Amino acid sequence: MSTGERMWNRIADLYPIPRSLTGDGVRATLRQLQAEIPLVIHEVPTGTPVFDWTAPREWNLKEAWVKGPDGKKVVDVRDSSLHILGYSTPVDARVSRSELDEHLFSLPDHPDWIPYRTSYYRETWGFCLAHRVREALPPGDYEVHVDATLGDGSLTYGELLIPGESDEEYLFSAHVCHPALCNDNLSGITVAVELARALARVPRRWSYRFVFAPGTIGAITWLARNEDRLERLRGGLVLTCVGDRGPMTYKRTRRGDAEIDRTVAHVLHHSGAAHAIEDFSPLGYDERQYNSPGIARDVGCLMRTPHGRFPEYHTSADNLDFVVPECLEDSLQCLLAVVEVLEGNRTYRRLKPKGEPQLGRRGLFKSVGGLPAAQREAALLWVLNQADGSRDLLAIAERSGLEFGVVAQAAKALLETDLLDG
Amino acid sequence: MSTGERMWNRIADLYPIPRSLTGDGVRATLRQLQAEIPLVIHEVPTGTPVFDWTAPREWNLKEAWVKGPDGKKVVDVRDSSLHILGYSTPVDARVSRSELDEHLFSLPDHPDWIPYRTSYYRETWGFCLAHRVREALPPGDYEVHVDATLGDGSLTYGELLIPGESDEEYLFSAHVCHPALCNDNLSGITVAVELARALARVPRRWSYRFVFAPGTIGAITWLARNEDRLERLRGGLVLTCVGDRGPMTYKRTRRGDAEIDRTVAHVLHHSGAAHAIEDFSPLGYDERQYNSPGIARDVGCLMRTPHGRFPEYHTSADNLDFVVPECLEDSLQCLLAVVEVLEGNRTYRRLKPKGEPQLGRRGLFKSVGGLPAAQREAALLWVLNQADGSRDLLAIAERSGLEFGVVAQAAKALLETDLLDG
Amino acid sequence: MSTGERMWNRIADLYPIPRSLTGDGVRATLRQLQAEIPLVIHEVPTGTPVFDWTAPREWNLKEAWVKGPDGKKVVDVRDSSLHILGYSTPVDARVSRSELDEHLFSLPDHPDWIPYRTSYYRETWGFCLAHRVREALPPGDYEVHVDATLGDGSLTYGELLIPGESDEEYLFSAHVCHPALCNDNLSGITVAVELARALARVPRRWSYRFVFAPGTIGAITWLARNEDRLERLRGGLVLTCVGDRGPMTYKRTRRGDAEIDRTVAHVLHHSGAAHAIEDFSPLGYDERQYNSPGIARDVGCLMRTPHGRFPEYHTSADNLDFVVPECLEDSLQCLLAVVEVLEGNRTYRRLKPKGEPQLGRRGLFKSVGGLPAAQREAALLWVLNQADGSRDLLAIAERSGLEFGVVAQAAKALLETDLLDG
């Protein structure tokens, strides 16, 4: 089984779990991830102040259905967790067809798709359904049943720290609050898990932190509880919509030229594949929180097709068919390449910096193995010319047009001589 | 009557007045403006030192004509103030056809147009006329009559200060030395008057100064007499050629990225209309003086078709047909939008800057009225994200791509909450 | 005889001399140049430490040939100095056809061309020949004869300082180690000689240094022996491949925006001819050494078609037909224009900087002779506006779009008035 298939299967396993902003769906999701990575699950009690917010009430749904005039169920959350308006309040009532209609959500332009809707901050109830089904509902009396609890409880998030030589960290963050939606954001979750597994297997220079939390309030909660750690946060990425067939898309940090920005741009450029790089905006996912002016951490957002730009977004069509093993794998490869640059990026200083040194005498032409001779020599000469203590290897790669790995390999060979200061 | 028509009518009223660098034509023009705005008229005696110059001698023309061999007038300044070479010295003589010809100016390429010519710094006399008329002049003796005075007097300019909350000022400057030429520069004069009237009607944060002065020497004179005020001059615009059908054209200040440059660029960009933005050059109108290295004030130049780039420039074809009420009005609207940005542009600091705040709880989604919901939310989020005390609202508008007014409206709503420091 | 023809003839004279990294060929070449310019010839003994290197052993070749099975010479260095692998060790042996083949170099893609090859740092012998000749060699025994000495001696380079008013210098550097190759680099040598002759004839503000040295080790040797002078080196150019029909190509210094970079870019831009400007890279000729991080002098590289990008490069086809008098002359003209800018580029400060000064009163419109009136006035106004002590004349030329000479002429006229501080 390929890594891509394993990531896709993980999505398939998580797909049926009825997630919301809080509640047992999130807990079940995180517990399932614990089978693969040693996630710490945090519970933050309802009402806990988190910056401008408080941790919300917890919502859990037992049952929700609508029965038609003939007594048969016409909508049932057992068929799809998308059928319920998220955070619906309990109701048990008989309503007319037209009264019911005020509580229904559907998509006239995509009559077979169920939309995803929530009402976190206004108390109401509602059902989402295919427009075709809605239109076929006959006049008459309907029985509406929502058996849910909305009350004190906690907000749940998962966190994993993979420590490295340094206690400075990079962050990967994925939101876990969406129900049966695959690209947004089971794709981000599964790729993050796979990346964590890969990082755990190798020695690391930096520490890596993974946060799986509900969108917005989850990231805000994590930030509020970890303010004292933020200084150690060198940068990071929000992972979302990384499973569809679209090209990789990177949204820069608020700063725009942070190391993470330069790194992702370099990796995408050398991927040879079509890709897009976009400026920061404060609309999007949890990069909004990490880049807020009082936090100001360099967290970009890695996507394939950005949320809101594919018609399947926030509908039942963002399903298992919409995410593709090969694309999940491609996203993971991009992240691994990003980590490789972060791990290897250092600033060196040339020793004996006057004129070129003799490379042949030190066996340097041969020591940078596996590369074509011309590229090998070019990389050595670029490092020797540019490494004056003011530029990191990534800057040398950017200026030379060479791939970071080639430059890093040359630097490594030079470090074993008397020509470079490590 | 539309504002554009009112501006056009003002041009029509001023058109017959025989203006020159100095003299009663300028005085009559400024007095006519006093009927609408409380202009202060300054008289600077001939010989007053003004930087590298001295105020010039005053020139007034009573009569000027040429009579043909048959005793009939072939050119008469009563028909057009353009017929006389500006600053012509008095003459009363009989000259041959060929002698006369050395004092005639016409345009072979535009045989029906009278050119506009002056001889401020070399004493001579001359007549400007249509080439077709010139060519029809028969051989024989001509009687030439110029009844003019050129002697001590004064240079005249008009000035209006509309005070605001702050004694820091923006300047609008229009040259008033051209005779019967409409786009250059009765258009600048009429738009400036209308702008002054509009500004006088509303409360203002900044003070606004309007200078109506002869070109070059007038601006130099104003600068020489107001050196102590220049520190308060935040920026400004020279207004010229703002009545023709061409697209708006903005010529930047010498600095190139001053607030006035960013403001005009923003307004033109969001106008949706074709426009051009050009770099500063020391060739042009009075922006030359305001941007001289020892003055160094941020004064750009707002035009439609720049002087010298329309064939009618400095000819009798720059007449009442050449300026258009709609275009005058469009230029005024641009200026009003510029002032709106200048008035509203401030630098704020986000309070509680960690993570996003709750907008709904503060009723913010509704308080930014009149805009589509998505734009309203975007503007709020952009201000909350970018307002860290280092960027003004214009910079936030520039980065977000939103119109300044939308951003300013969001800032205003936020100022009424605990989220922004005013 | 045109200058171009004189430069071409100099190439023709130098063409037959068998140059190598060291030895009598270099000496003979430099001595021949001494007939025209007062070159100082330096001899640096084998083994002298020069930064990371030592001066190499000296190599001199008396005879080298291969005789075929029939006793007839099939390759003889008397026919072309390219026939011998540079730095071949002595040999006198009978070898089989296949054994011989391991010591032969040819170009299958260009079967009539002899390649240029060296083996400076690995002791071996070899012959270079046309592929067509190689393929026609019959089986059998071959007699191989290389009569060469490789031992202690010296590295030879030539140097010329043309002193100016200032002891700050610009450097022109050309490599002299290539045998019968015209564009690379007899072209650089002949253009440098002509430039030196031209500079010697006129008064100079700056000093100019010319270095004719073997590639890499020669530049390194010169640098090692002149470290104390480097502070005085304001910039310079490596001259190579300046005789072919390709467009001028400039490779920037490591710094990228040094005065020499701006100067060459300005000259090429105003040449009106096609040209290319490329970023620095540490691959190339001796700019590698001058721009090494411990030296960090602003030395760019002026070429026509860059080395390695024309098929004739390092083959016998880089011959007298490949270099063209007109192109040599065009390269020289470019260099003379560069020197003109370097000589004339100064930073002035406007006096009486408030408003424009009266130009007419000072006769300035007439004093900038030979230019169209509009350009003359524009140049005066640009200098008066921009000369605030922060910008050199080249910057004013760049911003105004005017040619440096026009701006410099205006500045010169203004210096004779009370308007500019010299």
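Each chain carries a letter (A, B and C) given by its place in the written order, and its residues are counted from 1.
Convention: a contact is a pair of C-beta atoms (placed from the backbone, for glycine too) under 8 Å apart; a residue touches a chain by one contact, two chains touch by 3 or more.
Not measured: the values here are computed from a predicted model.
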Per the C-alpha fit, the turn needed to bring chain A onto chain B (nearest 5 degrees) is 120
Same or different for chain A and chain C, where same means more than half of the interface numbers show up on both copies? different
How big is the gap, in whole Å, between where the Cα atoms of chain A centre and where those of chain C centre? 55
Send over the residues of chain B in touch with two or more other chains. none
Which of the residues in chain B end up touching chain A in this complex? 350, 352-358, 360-361, 377-378, 381-382, 384-388, 399-400
Which residues of chain A touch chain B once you look at their complex with the stated criterion? 50-53, 121, 216, 219-220, 223-224, 227, 254, 279, 281-283, 288-289, 291-295
